[in-house]
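Below: a set of structures, written as structure tokens.
Both of the next two complexes hold chain A, though its partner changes from chain B to chain C.
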Partner chain A sequence: MAAGQGPHNAGEYIGHHLTNLRFGEGFWTFNLDTILMGWFTGLLGIGAFYLVARRATSGVPGPVQGFVELIVEFVDETVKGVFPGDRKFLAPLALTIFVWVFMMNLMDLLPIDWVATATGAAGLHQWKPVPTTDLNTTFAMSLTIFILTIFFSFKAKGAGGFVHELFTAPFGGHPLLWIPNLVLNIIEYLSKPVSLAMRLFGNMYAGELIFMLLGLLGTLAAVSGGGVVAGAAAGVLYWGWAVFHILIILLQAFIFMVLSCVYIAMAHEHH
Partner chain B sequence: MNINATLFVQALSFAALIWFSVRFVWPMITDAMDERTKRIADGLAAAEAGKQSLERSAKQADEAIAQARGRVTEILAQAEKRASQMIEEAKASAKVEGDRLVAGAKAEIEQEVARARETLRTQVAALAVAGAEQILKREVDAKAHADLIAAVQKQL
Partner chain C sequence: MEQFAAVIQGYTALGIGIIIGLGAIGACIGIGIMGSKFLEAAARQPELIPQLQKFMFLLAGLIDAAFLIGVGIAMFFGFANPLLGVLAK
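Take a look at the complex of A and B:
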């Protein structure tokens, strides 16, 4: 689609908004928008925490430090509830997930057409501002968690213990049960990263899609004779969904964080 | 949906963010929080200790005051006793001194009387001799009658 031209129909509009800015061919394609927005939101979120942390005082905290400490305490308490051991790694991991996912999700609240107009003016005609609506992001995170799960499993049980559990849990150590145990464990191990990634992706993608449909509805209603009133009604719906979406983005960030912690905590458990 | 090499970049970004949080952000914030917890605990403990030492010193001060009060009455009593003793002593010594002075005066008076009497006696004797000389109208040999005059003097 050329710059300055509006979408010709609904399908084109949605397709336009759901296409990543790509660089490369085949598998070696890089979704530049996802990567750059990922860095941007990561720097914004974790960077803000770092700036506060660098000037953190053990005296009376200011409002910003108080807010940061509130989140840190909340994350720490949540992790403590899931994992009773040493939280020196898991708690900051949880904080990173929570803050980064939230920041990425937050980009969803930028009105999509404003983003499209702004990036279009900069010469980028495909720009998805929400990295979590890209499966690459959610799978990258869930697979990282998966690798950490395996790593901590090995660390807690050793290679022998890990393999032993693959064959003897959850049904028991009888040789006849080795194959069912193994099959179940493989399914379990695969389902964890897939469900983790798909849940976040699905929620954000669907949310984005509804924003598009509502935006489209407003445009179409206004153009097809409904006039200002119909356009305003669609605007109200858009606003309502945005308010509801605040809850969703927070909730999804929290769920991703808690489930990651649960998976890693489970890796420490001996059967 | 298309999975592509973006996944690796995002995974690396995620890993970098985790590393940064674990290495810097989290410890910095929790250190500050832990230190605050410790400071508050220390402050509370110090306040408790201060309160206890205050109570202790108040008790000590009370004891010291009570002791001082007892000592004061003791000293007062002693002082009173000493004062009356001193008055008694002064009275006694004054009396002794007075007696001594009176005795001295008396002795002096007696001495004066004795001396006056002696003088008088000598003068009377001289007068008597002069009178006798006048009466006898003649010269009495003082040498010849010295024993006589001495006898008269003795009788005076």
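Take a look at the complex of A and C:
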């Protein structure tokens, strides 16, 4: 970037790095960087697993296959603990969610200035590399889980059973209790996708923002008189947050997967 | 005009502090209670530590959720304050 062209203060820097590459206007705005990075991370993650599965041996596995088997077994154990029924659909869904969300979150560890330079060289002025910092991604996934929950509720209880349960659980079958039951059930059903989406979004967005703020803190401390020592001290803080964020990335992917499985398992329950 | 902008910004800054502060209180007390129960259970039955640890991390993520959502919203007000939009009209 030429001198004078870049951001002039901390606010502009952060604002520039937190804006998506948009296409279209109003309701029909597409965040191109979210879509493309979502596909890229999905292909990378799921594609890697597919390539390993194609050449899988039932003898002694190599290190890559061993690693993939580790993850698949871990997800299978988790799903088995949550949903004792037939998990031919749920376990692959859980594996997809876990791997894809983890790969998307992993993009948060890329230095944003390097991403900005690389995409700037390709002619794009904004690029957010982490799709899960976009509410669109997280709500898309949680709404899909919500639709699956409703679908499985219908399948397990039948249409009549599902409506009956909406009106009579949890307080009881007396007609006076139908409205409170319905209100409580609507709140419960709506809070699940919203909380699922907002949890992942909030963690990733705040994480990225704190990365930027700590970087700016280091720069300002070094430039405004602290010198190398102050900059290095801020760098230690930055490193500490990066280590913590690696845990958060894994944890949030795991939580999204477990909660999706729990909601779908709950949809199979009868009262 | 600057006075109005200053008033809005001042109150927004207060709001950001309250959101993050109260959220942090809740999250930290929650993690403290959960951690103490985990330590008690681990001391009583050390062979259950791996399983309990898995649930502990899950719960930690859930407890932190509302706090981090609050931090996200507060940061949004810090850098792209929509309340200042009324000044532009």
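Here is the rule we use: the second predicted complex is superposed on the first by the 265 of 271 C-alpha atoms of A that agree within 3 Å, B and C clash if a C-alpha of one lies under 4 Å from a C-alpha of the other, contacts with A are read in each partner's own complex, and residues count from 1 in each chain.
By definition in this document, contacts are C-beta pairs under 8 Å (C-beta built on N, C-alpha and C of every residue); 3 or more make two chains touch, one makes a residue touch a chain.
What you see is a predicted model, and the numbers here were worked out from it, not measured in a lab.
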{"item": "Clash or fit (per the criteria above) of chain B with chain C on chain A", "value": "fit"}
{"item": "Chain B versus chain C as contact partner of A:F30, first or second or both or neither", "value": "first"}
{"item": "Touching partner for A:A265 - first (chain B), second (chain C), both, neither", "value": "neither"}
{"item": "Touched partner set for A:S195, first chain B, second chain C, both or neither", "value": "second"}
{"item": "Which superposed partner A:Q252 touches (first chain B, second chain C, both, neither)", "value": "second"}
{"item": "Which of chain B and chain C A:V101 touches, first, second, both or neither", "value": "neither"}
{"item": "Partner chain(s) touched by A:N203 [first = chain B, second = chain C, both, neither]", "value": "second"}
{"item": "First, second, both or neither for A:G11, with chain B first and chain C second", "value": "second"}
{"item": "Where the C-alpha centre of chain A sits as vertex, the angle toward chain B and chain C in the overlay (nearest 10 degrees)", "value": "130"}
{"item": "Partner, of chain C and chain B, that touches more residues belonging to chain A", "value": "B"}
{"item": "Nearest-approach distance, in Å, of chain C Cα atoms to those of chain B in the combined model", "value": "8"}
{"item": "Touching both chain B and chain C, residues of chain A", "value": "none"}
{"item": "Parts of chain A lying in touch with chain C, wherever the complex brings them together", "value": "11, 14-15, 18, 195, 198-199, 201-203, 205-206, 209, 248, 251-252, 254-255, 258"}
{"item": "Chain A residues within the chain B interface of the complex", "value": "20, 24, 26-31, 34-35, 38-39, 42, 46, 49-50, 52-54, 56-59, 61, 65, 68-69, 72-73, 76, 88-89, 91-93, 95-96, 100, 131, 134-137, 139-141, 143-144"}
{"item": "In the complex, chain B residues that touch chain A", "value": "1-11, 13-15, 17-18, 20-22, 24-26, 28-33, 35-36, 39"}
{"item": "Touching residues (chain side chain C, partner chain A) in the complex", "value": "57-58, 60-62, 64-65, 68-72, 75, 79-80"}
